[in-house]
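By letter and in written order, the chains are A, B, C and D; residue numbering begins at 1 in each of them.
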Amino acid sequence: MSETSARRSRVEGYESMGAARVGVVTFPGTLDDQDAARAVRHAGGEAVPLWHADRDLKGVDAVFLPGGFSYGDYLRCGAISRFAPLMEELIPSARAGLPVLGTCNGFQILCEAHLLPGALTRNENLHYVCRDQRILVENATTAWTGDYAPGQEILLPVKHGEGRYVADAATITALEDGGQIVFRYLGGNPNGSVNDIAGVSNEAGNIVGLMPHPEHAVEDLTGAPGVDGRGFFSSILKRFVNL
Amino acid sequence: MARVIVDVMLKPEILDPQGQAIARALPRLGFAGVTEVRQGKRFEVEIDGPADEAALADVRKMAETLLANTVIEDYSVRVEQ
Amino acid sequence: MTDSVKRASETPDEPQPYAELGMKSDEYDRVRAILGRRPTSSELAIYSVMWSEHCSYKSSKVHLRQFGTKAPHSEALLVGMGENAGVVDIGDGWAATFKIESHNHPSYVEPHQGAATGVGGIVRDIMSMGARPVAVMDALRFGALDAPDTRRVLPGVVEGISSYGNCLGLPNIGGELVFDPCYIGNPLVNALCVGLLRKDQIKLATAPGPGNKVVLFGARTGPDGIGGASVLASATFEDESHAKRPAVQVGDPFMEKLLIECCLELFEADVVVGIQDLGAAGVSCATTELAAKGTGGMRVDLGLVPLRDPSLLPEEILMSESQERMMAVVTPEDIDAFMAICTRWDVPATVIGEVTDTGRLVMTWHDEIIVDIPPGTAADDGPVYERPFHEPAGQAALNADDPVRLTRPTDLRSTLLDLLASPNLASKEWVTSQYDRYVRGNTVLAMPADAGVLRIGEVMPGAEETDRGIALATDGNGRYARLDPYAGAQLALAEAYRNVAVTGARPLAVTNCLNFGSPEDPEVMWQFAEAVRGLADACRVLGVPVTGGNVSFYNQTGSTPIHPTPVVGVLGVLDDVGRRVRHGFTAPGLKIVLLGDTGDEFGGSEWAHVAHGHLGGLPPHADLEAERSLAGALVEAAERGLIEGSHDVSDGGLAIALAEAALACGVGGEVQLPGTDAFVDLFSESAARAVVTVRPEWFDAFAELCARYEVPCYGLGMTGGASLRVEGVLEIPVDELRAAHRTTLPAVFDS
Amino acid sequence: MARVIVDVMLKPEILDPQGQAIARALPRLGFAGVTEVRQGKRFEVEIDGPADEAALADVRKMAETLLANTVIEDYSVRVEQ
């Protein structure tokens, strides 16, 4: 059986998770929505498309804000998207505990919306960077990282021009002390992020944002080498099966 | 019709790699005596009516919520002379 | 005062600035003859731009015909030359469309915007075929790496391609980056886009059906790229404010992304009768071409064109090259549905006219008729030149200057490292890491693989299931073409064809971008004629038709032209993309096999260039039959799963191929050279060769397969270890190879 | 020590996609009455000595060659009050 046919059969062990519904948001300029939806389906979940202009979360169990260049990344990445009608629904739900994952542009939107602390700024070397990056999973207790071991090293692609995480010193200390630094870059910081921060969570751990792209590391055939991104999707799906 | 200017600059404590890159390039290009460069944004906002207090308050709100990210940036609003 | 048709008839002798618009006096006379009067300034705008070299191909047409007349029979060809892009059948109901186009001059003037809008333009060409654009590639040429000009232009060009392509969500899956002093002041920026569509969804640029609406949608029209039009405006109106119009176009990738998604929804809803992108010559080109290919007539109210700058005059609107615009023909029944989809995507759309059956393109401006022409005369009946050509004066001497006279090295270890660190062979990662190669999640192979490979099964949700994939490569070697443009063009095709085949894909079709000096120089024209003849002949032998392309002339500084640089793109198909062959040495313990024979061929080689700054003699022999056999063997071996990894042998020869293969996954290897002269074995650039790796237990089956294809096959050694060892010649740790390979570009561009 | 401000804006005839995107978003955010937004850059250049004519000439040259791309941008230089 070739890899292509293999991709059609769902990842073993997750057949029963069909019930978990993960919303995938599309803003104008979102790019990775199809990839995110595919990764959700691949793990056995149902991907529910959510449209930025609809004030409707369609009763999903969790929400994925994918990467891209929403509104062209004009002004600041995520600055315009965070005002979308859908966000008006999402913000209170997330504060109330709805699991939300933002990758890349999604992370930027979560910061702009103040659902996560800090901000993402221009890469230190001023260049967009696309490369396969080693990442350390520091916190395996969030809604999206339960399937990883704490201290596990994974390989995910990064691809962004504005991924340098910054926050004031007090915020960084609070994040470090509170275990809210979920991911750190290993083997070279691609963007100059403070303390090599690749991703953070809110205090409750239901909202996670990171610059790397787990949805591009779920298949052998395509994307980055390896399938280290699968854990994000299995983590969130298991959570709902176990409810 | 009036033009309101909104200047947005990174807070002093936030690293500004663009400004630094420029400052580093200057000596090579033969410019001496520059101690620091910071790069920010400038918005020219054209408004329909006069730039009265109400309009300026509106622009200030726009700057606060949209044009600047106050986590990392400061802004200032003024009417163009 | 508007220069209306009525006014033109009343003032037949009014002088017109046709020469300033680049028109020859006999061309202007022809326009007068066609119209039976002097053209209005708007008509003059249309004819001057439609009859320009860029739009009419007046110097190249007589040669390009060979791509049609010599074309091999191809079952796969669905749409051939003459449309916005060619379309080929890739099986299971799917079709692919691809094309490469130049944006050389704009990229020199304003590197970032020039290159960005180059990507934007080619993407719209692909959209106008009804396809979803799925990937881009870029073939770049600059002056010497350390030239100040290169340091100015290259980073901007790369940033432009990166920011525009990344923002559209199109993975960049390959391209080229070559440095040669001949490109100083004339960088080449050639952008390729490939799109996918269902076979029954092909759209054409045509405006049939009187009463159908003509819709302009996308960005508003501004004074972009209309430096030339200001001549008209000021000549007719003596209005100072129009004297200063920018020649630079600025792109809005976000608008383009919205346009892509909007167009796909429009196609899906089946509310488009005909569609055309607006590229060079903007509204002039779109209206004349759509009308000429449709029912033959169109009425347009130019006053309805949404403007970014309300002071634009009709002549300027006609010539504006504002980006991110498209024109569609829509039936009156579908127009509401069409508009609703545009609204959903925030894409402004305006009905500006209607299809007629009058055979005339009529445009009005504030109720006056300012254009009234038979559209075909502008779109199709432009001038055709049989430009004189002859072999360049120094050509024979150049070819006689054989590289055999060059001193050959004794220290092959340092020769290898020097070559590996030389600008043309060094790692291009400084550039490619600025491109998103993963977006859309279908990238199977990208940099540094020989060809980009995409899976197509997941492209459009709900479309037919397929295991197929496509592979794409572009190549071109200006030095080879300078030595022999006929063979040089064939070698460019052969290399792209081979690069596609080493991934296991069956080559299907060709696109090309022909970058040359001035066609008015008979020596350049000879290079052009020879290159086209060579390419057309080679396509016939290899059985791959040319489906489209682009010609870029006037790439020269003063009277010195660039090397003739035909860049050739080849598209191939994999029946099962899971069977694609990976790049380089993927694991230890595999047999390293060289396919193809090596001769003493150093004309135009990287070694002669790097070690001696020499260009002379003849390029390697273009043995197309051998290329065809090699590709056949590679494709069958891949289908049968007989090969693990591969890499073609080209610039820098076997030595560089082995080094790059080792760098791919950090796996070394040990080889024994097959020939008697280690230097020739390692650095000759003989064509029709590739290195593959094979599991030892499958070697016999593989060798038998090669024998059947009559492909020479040499077992060189085994993969493994932390260094590349050539027995009795050299040993270099992979880390040392990597250090040599990776530092050259950053050393220049990060300082 | 003095601070010189360099404002760089796209020439009026050049498309400003960022400004347009902001202007289009404003009504949705509840801001009415804005007819146009243009986005440019603002540089704060700190110089060693006083902002005399020579220093300003230097900064002007810097703006011309480095800070602005004069193919598509205009710039203006002034001393911060």
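What to note about this one:
Operating definition for what follows: a contact is a pair of C-beta atoms (placed from the backbone, for glycine too) under 8 Å apart; a residue touches a chain by one contact, two chains touch by 3 or more.
Small disclaimer: the values here were computed from a predicted structure and weren't measured.
More C-beta pairs touch across one of A-D and A-C than the other; that pair is A-C. Here the CA centre of subunit C is 36 Å from the CA centre of subunit D.
Once the centre of each chain is set as its mean CA position, subunit B and subunit D turn out to be 9 Å apart.
Annotation for subunit B: residues 66-67 touch two or more other chains.
Of all residues in subunit C, those that touch two or more other chains are 252-255, 346.
Residue positions 71-72, 74-75, 80, 83, 125 of subunit A are each in touch with at least two other chains.
Counting only pairs that meet the touch rule, the chains in contact are A-B, A-C, A-D, B-D, C-D.
Those residues of subunit D that touch subunit C in the shared complex are 10-11, 13-17, 20-21, 24, 69, 71-72. Residues of subunit A that touch subunit C in their complex: 2-6, 28-29, 31-32, 34-35, 38-39, 68-69, 71-74, 125, 127-131, 157, 159, 161, 213, 215-216, 219, 221-224.
Contacts from subunit B toward subunit D in the complex involve residues 1, 7-9, 19, 22, 25-26, 29, 31, 33-49, 55, 58, 61-62, 65-67. Touching subunit A in their complex are the following residues of subunit C: 159, 162-163, 166-167, 169, 252-255, 257-258, 345-346, 432-444, 455, 457-458, 461, 467, 576-579, 750. For subunit C in complex with subunit D, the residues that touch the partner chain are 109-110, 113, 219, 222-224, 244-246, 248-255, 308-309, 322-323, 346.
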